[in-house]
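Contents: one structure, followed by commentary.
By letter and in written order, the chains are A, B and C; residue numbering begins at 1 in each of them.
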Amino acid sequence: MQDFAASFFEAFRLVISLDPDLLEVVWLSMRVSLSAVAMAALVGFPVGAFLAVARFPGRGLLVVTISALMGLPPVVVGLVVYMLLSSAGVLGPLQLLYTPTAMIIAQTILVTPIVAALARQTLEDLHDEYRDQLVLYGLGNLAQLKTLLWEGRYSLLTTLLAGFGRAVAEVGAVIIVGGNINHVTRVMTTTIALETSKGNLALALGLGFILVTIAFAVNALVFMSRAAAVRRAYA
Amino acid sequence: MREDVLSTVQRQAMPVLPVTGTELKVSRKGRVLLDVKNIEIADHGTTVIVGPNGAGKSLLLNLLAGLRQPDRGKVRWNGTPPSRSRYCRFGMVLQHAVLLRRSVRANVEYALRAVGHSRNEARRRAETSLGEAGMERLSHASARVLSGGERQRLALVRALATHPDLLFLDEPTSSLDPASVLAIETMVQDASVKGMRAVMVAHDLAQAKRVADEIILMHHGRIVERAATDDFFQRPQSETAEAFIAGRLLI
Amino acid sequence: MAVSAVVAMTAGGAMADDFIVVQSTTSTQNSGLYDYILPIYEDKSGVQIRVVAVGTGQAIKNARNCDGDVLLVHAKPAEEKFVAEGYGVERTDLMYNDFIIVGPPADPAGVKGMKNAPAALNKIAGSESIFVSRGDDSGTNKKEVALWKTAGVDPSQSSGQWYRETGSGMGATLNATIGMDGYTMTDRATWIAFGNKADHEILVEGDKALFNQYGVILVDSGKCPRVKSDLGQAFVDWMLSDEGQKAIASYRLDGKQLFFPNAPNVTN
């Protein structure tokens, strides 16, 4: 109990004092993870939509594979991306290692399967539900997908929240490709790992509380905007 | 004159009447599901298809609407084969209409936009249609929270709003309360009076009597009898028809 | 288009020329040394020093992959091999501190105050008291293994019983040591800076065998064409200069000096 109380105090102190290091680290965490989710949506939604309506040999295997990739270990992704971006690696000349860009790349790889798999499920269910009706309007698969994407917007938004949760909470990938460099690639989770390794457990846990609170705030924002939209519809 | 109320896309798509089916056959696993030598839907009025369960009524509807391909035979719309681009010329109301997760008005707008009207045109026509149906106070309600009767009424408004050449209805009032049944039948009759052609599958004879100008009786995938409503009920030509009217034909 | 987007994103970081990457160890980072001396150099030179602090093995591997401009670790044989194979220009002594053995206040093995590290390890093995090892082939770990060898004990036989190998860095190993109420060998700087000591104390220190030497190496542009040799050399030179050495010596934590500069006299 002592440590928990100390942690709350640490978290409170950091937030109240608007500690500049804390703000820097929080800002980078958000920038990296939100960028990764945006990129993952760009890739994952079309892939999920395609798999939802298309039928071709090997589709089943592809669906299972993408679903399985949701369980990619972050540290493995970090390792693979490191090997690609390393000076000794294929993409070495791009000099991306130890930059926020590398972290975004790694987290995008982590989050895309989640977005694709969950989007596929949502859109496939909607497709089953709407197909008989939408075909009456002479709509081809692509036009139907546009409608499905809008109809499923809340589920798809939840999908993005799931991806964001995964990204902002992971440490294995960003610590390898980012290097946890002070003021450059240090995010919330790598700071927590660092403080833990320094034995500053109360501070580490305090940062953990702050991270959870931020994730909570992001989710709350999304749900509140949905409620507002629903209210507008009845206006 | 009719063409004025249509969108540019609809006009380009060419009228679909008369709808004809020739030598239509559908089988599954050796069983004949449908065997119709000749059917033509032309002129005006409301045709109601009746028959026991499994008679092939919905199947015939889907074939005529171009939604399914027959194993043998052909369907023609005004002499040419069905094509997806001409779907905008007919409407269809399913037994359980699927509504979009949007407002009532947005659902009607969606159908109008799908047949090629502009955003503003679609909104205007949606509002008019809802007004004519007495549903304007529900305009902004979420379509998903409507009662069963309101949903089917909305489905019908949605289908009628695009001024189809031909409206198909597949048991649109089964499982609805009497007030809703009446509302829907009235809407169909009003549209018919204004010149719209409708083909409806009905699940009960009483409804057929109320709504139909002519009756088609189907049994085991075949058309057994087709006649004007009065003729059908007062002078049935076949034993099957007699049995059906008397309520003795269950399968 | 994708490449220019990537370039635009990277440009958001820093301009290409005003930073170098130093592959180093967690003991130098966790002790707070870098937080203290790097700003001194950065203000003076305008060059940002980006430290990647990982285990010694990983730091050396990263440098071999040309992912760093300077290597600063404490594993002399591995460092000399690095230079011999052409990856480093030259290895120079930079600073030293020492290793210590810490343990629980109850001290079940009775090693408190001993000045002979292998003998203390012998007693720990004999009493089968819990000993936590890094087990990660780091400089610290290699030193620990060498001491067991001198003591004539093979603790790997008892791995999983009283000898616990965490396969982790010093911080995680210390956390485990506290959690398991065991003994471990750590460098003094990390221990002094460590925030979760509980009631553990320094039990064994002062043995010459516990000497811990740090070396600094500039990565060789022969093997690594993209290395920033000029900026890297400037940093190495400063660390070895009077000014740099004084800065290292002046770093204090809890009033204690953690690192002792011992660069050979270099004429500037």
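One rule holds for everything that comes next: contacts are C-beta pairs under 8 Å (C-beta built on N, C-alpha and C of every residue); 3 or more make two chains touch, one makes a residue touch a chain.
If you're wondering where the values come from, they're calculated on a predicted model, not measured in any experiment.
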Chain pair showing more contacts of the two, A-B and A-C: A-C
Chain closest to the middle [Cα centroid of all protein chains]: A
Distance-maximising chain from chain A - centres being C-alpha averages: B
Whole-Å gap between the CA centroids of chain B and chain C: 81
Averaged-CA centre spacing for the pair chain B and chain A, given as whole angstrom: 47
Gap in Å, rounded to a whole number, between the CA centres of chain C and chain A: 34
Overlap residues in chain A, where contacts from two or more other chains coincide: none
Multi-partner residues of chain B (each touching 2 or more other chains): none
Chain A residues within the chain C interface of the complex: 86-89, 92, 94-101, 104, 179-182, 184, 194-201, 203
Partner chain B, residues of chain A touching it in the complex: 129-130, 132-133, 135-140, 147, 151, 230, 233-235
Residue ranges of chain C in contact with chain A within the complex: 6, 9-10, 12-14, 16, 21, 26, 30, 34-35, 48, 50-54, 62, 64-67, 169-172, 174-175, 178, 193-197, 224, 226
Of all residues in chain B, those that touch chain A in their complex: 67, 84-88, 91-92, 94, 97-98, 100-103, 110-111, 114-115, 140-142
